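Provided herewith is a single structure, encoded as structure tokens, for subsequent inquiry.
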Amino acid sequence: MKQFISTVIELKSIAEDYFLLSFTWIPDSTPAAGQFLTIRTTELSSPLLRRPFALSSFDNKSKTASIIFQKRGEGTKIMSQLIKGDKLDIMGPLGNSFSDFKAKSDNTKKKQVIVAGGIGTGPMLYLAEEMREGGIEPLLIVGCRTKSLIPFSSFNKNIETVICTDDGSFGFKGNVIDYMNSNDKLTSDVTIYCCGPEPMLKGCHAYAETTNNTCYVSLEQMMACGIGACMGCTCETEGEKKYARVCKDGPVFKSSEVKWT
Amino acid sequence: MDLKINIGNIQLPNPVGTASGTFGFGEEYGELLDLSQLGAIYTKALTPMPRDGNAVPRLVETPSGILNSIGLANPGIEKFLSDKVPFLETVKCPVILNVSGSTEADYKEVIERTDNLECIDAYEINISCPNVKHGGLAFGTDPIQVENLTGKLRKLTVKPLIVKLTPNVTDISVIAKAAEAGGADSISCINTVRGMVIDTKRKQSVIPAGISGLSGPAIRPVGVAAAYTVSRAVKIPVVGLGGIMSADDAIQYLLAGASAIQVGTGLFVDPLLPIKVLNGIQQYMKENQLEKISDFHTFIN
Amino acid sequence: MDLKINIGNIQLPNPVGTASGTFGFGEEYGELLDLSQLGAIYTKALTPMPRDGNAVPRLVETPSGILNSIGLANPGIEKFLSDKVPFLETVKCPVILNVSGSTEADYKEVIERTDNLECIDAYEINISCPNVKHGGLAFGTDPIQVENLTGKLRKLTVKPLIVKLTPNVTDISVIAKAAEAGGADSISCINTVRGMVIDTKRKQSVIPAGISGLSGPAIRPVGVAAAYTVSRAVKIPVVGLGGIMSADDAIQYLLAGASAIQVGTGLFVDPLLPIKVLNGIQQYMKENQLEKISDFHTFIN
Amino acid sequence: MKQFISTVIELKSIAEDYFLLSFTWIPDSTPAAGQFLTIRTTELSSPLLRRPFALSSFDNKSKTASIIFQKRGEGTKIMSQLIKGDKLDIMGPLGNSFSDFKAKSDNTKKKQVIVAGGIGTGPMLYLAEEMREGGIEPLLIVGCRTKSLIPFSSFNKNIETVICTDDGSFGFKGNVIDYMNSNDKLTSDVTIYCCGPEPMLKGCHAYAETTNNTCYVSLEQMMACGIGACMGCTCETEGEKKYARVCKDGPVFKSSEVKWT
């Protein structure tokens, strides 16, 4: 983990209100899929807190990293106006990663299923890429409300990808869980990695429970410090400790360890 | 130029510390800044037993501030001794343990069981957390209780006692004087301001606990007013905090009468802030030919 | 959909008013917005004698807020009757006179000399101005004084008395109950929060008066917490204010338990804000199928 | 007075940290020299208050107005990034004007001397222009610290103009008062109009007192409402009333009515 001043390489619109931001990476450490960073969006006092975003790619040769973000409130609005050459105050890489768990599950023969939705798409593209480079052929399932929200340009043709839209305007009609239920081959021997809105995480968890598989999810929570010091970003967990810090103990958790409400 | 300040029988190398609860026990931030440059680390609150803390979410952003209800989540004394003390023993700056509890006995127990630790230089007695209730209001709102508690803790240790006050009182100078009368070596102020944010979509408080604690630049004027008021009410040194985001903000506190300051919420925005604040204070002292921190106190009365 | 609310023996056409001291007596803003759409105008404080107000500068901006020390500058009763009343008689929305003073006699005099004016629909009793001192602290910090004063004013008029409270107290619910016991028809809260800004270049308080009153979005969570606390302490309707900058902010107050709201500092940023807030409340009621303002009070308890 | 949404026509840098901002004028009323407007610089809550600026020109035909502003803090920093087509929330015209007084003094035979400095330059350029169009030939004296701060492009060659720099890097070396003292022709029969930093206002007032002339000054004060309702922007005055509102009773005052400290 390091705080550094990065330079914007490119900001590009990739879908309705979705942007790909690439920037220079200064720390020596290589970020892994699922890790995140925090960005200070303004020098003014409002919006005050740094904003967390998961890495969506990293190129070790050019030391370039990127995130995919959605314009939601004031912080991301400011970010959506960045231009090449702008300076960015970044802290990262933060948290654990899907890769931490992947290492353990790789040696099983299970199909690696990566499920992404909404603002969770970035880290899952990175995870899929990481797997492919590691010689694993994952299945990437992306869920979107409608076609205009699909970041087509960000997909890698060499990765098996299924796109689901709620309204059927592209690909499979239905959500990602519907798709998994409709695909016989997926009911056994899969490991699921999911990042997306809460219902998607819950759905993947439930699917994994029913099919007796393992599922890893990346959680979101309001964060202040982002490094484990303030106890602000906790989530409820099953087991001895009632809470875990999303920023430090997560953001990736085994779904069976999360207390779902 | 002399940046040192005295609190009770100890000396802090400089006036810039990190506020309790925003810096954990220092390990995490140790990766980002050089702890040996700090005037002091004020640790996360410690209570006798471990505390899970309050329901989630615990944080929400407000205009120029944040509202939190952590609920004093902390490892408890046992885990503190086994997991945190080894690290604190390596830290080169003074360490001030923030002591909390629900009863008088809690405060006593924390001091009794940690007083022998060399790595702890002083205690900050947190009688002001809005997120833990003693019969509805924070401990620190009743001068008689404050004097009593301070007096009792005073007997347990020769280490300096810094009593941390809440701004959520009618007259903070009365509480400060009570702490002084009880034997406090210093007053720190302010803890967070009572506040609430409602989620109009879900029609409930964003933070399940309801009323929580407001911090950050939004409350800086409240903190400066409190530091000013308390400095005029007591003879012991005052530690000022609340919304410090720059050296200029810290200097406001020093001019208001504080002898030291803490950076809290500002750390979340910029972990290097304490160092920047310290540099800025030094530069200001040079430009204004101030030789020691008490020289700040000669302008406003 | 019914936007009307009752306060004492009067009815306000809708819950959105303009906060005392930020709207003068309405003339100036009358050029910018349609006064007849307002739920009420709460006027600038009136005292028996004219008051020049405090030394300048009286304002300074803070993070998401402003600090002011106007010092109740107002024309006094004579000039009010001759210069302001003719205009107020033409105003189509309810007018609530904000009554201030340094002594009990001041409050009485203002009510006695204005009670016969038809253009005044109710009184807001300002016992909470941080910029006028009664022995060091604002009037409104002592429940006995508050009950006494309210009781005495109660005898002078049948018009509704809205007692305006300061947040600068240990327990606002105690003060609210005292006002209720004294016969208040409503409580409004909050007045400004004690704050101070120091000019580090000139090494003195920016505002010569020193500690002054903080308002604006920075204090919104403080206001919402107060409105929530007071709503649970008293049976009379609560008027919530502090930092309202949007309909969503106003709705937070209504959900917290307020029956009406006031826009203050927000007017300086956008004079049309009261109208926008009113429209936003109506839209929210439609979307959430609320039929009357009291329906807002069914969600949070 | 009106609140309106204006459109930026041009933002142009005219000297170090000084900008000329021109924009569309919506109200029916014509603003006069010395009047001001307030601009909301952001939709965020910080910087919170609207910022006041005096008009520096107005073209009735094209309904175009302009201000000259200096980049000082956060509000003006945001303004310095405006581009053509941006929308601006403006309130104005506010306050009284030099023209109110000029009308009264015009018919005297006195020389009209307009003194400007720093952020006070805008309204004085407008006043000079107004006089010239009204057939009066004013003398414009502009004071600057140094050459880089002189907005050369904003001067009208048809108006007699003297530029003074503190460091002598251009024009007369010394401040505007030094210049007036050095110019014999000015010691009698002049009416002075001044907008600039406090010492310049005081200097002009003292000069007018000594030479038995009349001087009008435009004052600055922190403003909240900008329209006379909040009593926040008062200045101390000589006479019966202790204070006057800069936004409504001013910003232009007869210098002998101001209490100078």
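The first chain written gets the first letter, and so on, giving A, B, C and D; residue counts start at 1 in each chain.
Note that in this section a residue touches a chain if its C-beta (ideal position, glycine included) is under 8 Å from a C-beta of that chain, and two chains touch if they have at least 3 such contacts.
All values derive from a computational prediction rather than experimental measurement.
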Chains touching both chain A and chain B, listed by label: C, D
Steps in the shortest chain-to-chain touch route ending at chain D and beginning at chain B: 1
A-C or C-D - the one linked by more C-beta pairs in contact: C-D
Centroid distance [mean C-alpha coordinates] between chain D and chain C, Å: 36
CA centroid of chain B to CA centroid of chain C, Å: 34
Gap in Å, rounded to a whole number, between the CA centres of chain D and chain A: 54
Centre-to-centre distance between chain C and chain A (centres being mean Cα positions), rounded to whole Å: 47
Of all residues in chain B, the ones touching two or more other chains: 63-65, 216-218, 245
Contacts with two or more other chains, residues of chain D listed in rising order: 45-47
Chain contact graph, described as a line, ring, star, complete graph or other shape: complete
Residues on chain C engaged by chain A in the complex (per definition of touch): 63-64
Interfacial residue positions of chain B with respect to chain C in the complex: 62-65, 67, 136-137, 141, 168-171, 193-198, 200, 203-205, 210-211, 214, 216-222, 224-225, 228-229, 243, 245, 248, 251-252, 255-256, 284, 299-300
For the chain D and chain B complex, residues of the former touching the latter: 45-46
Chain D residues touching chain A - in the complex, by the definition given at the top: 44-47, 74
Sites on chain A touched by chain B in the complex: 1-3, 40, 45-50, 89, 91, 221-236, 241-243, 248
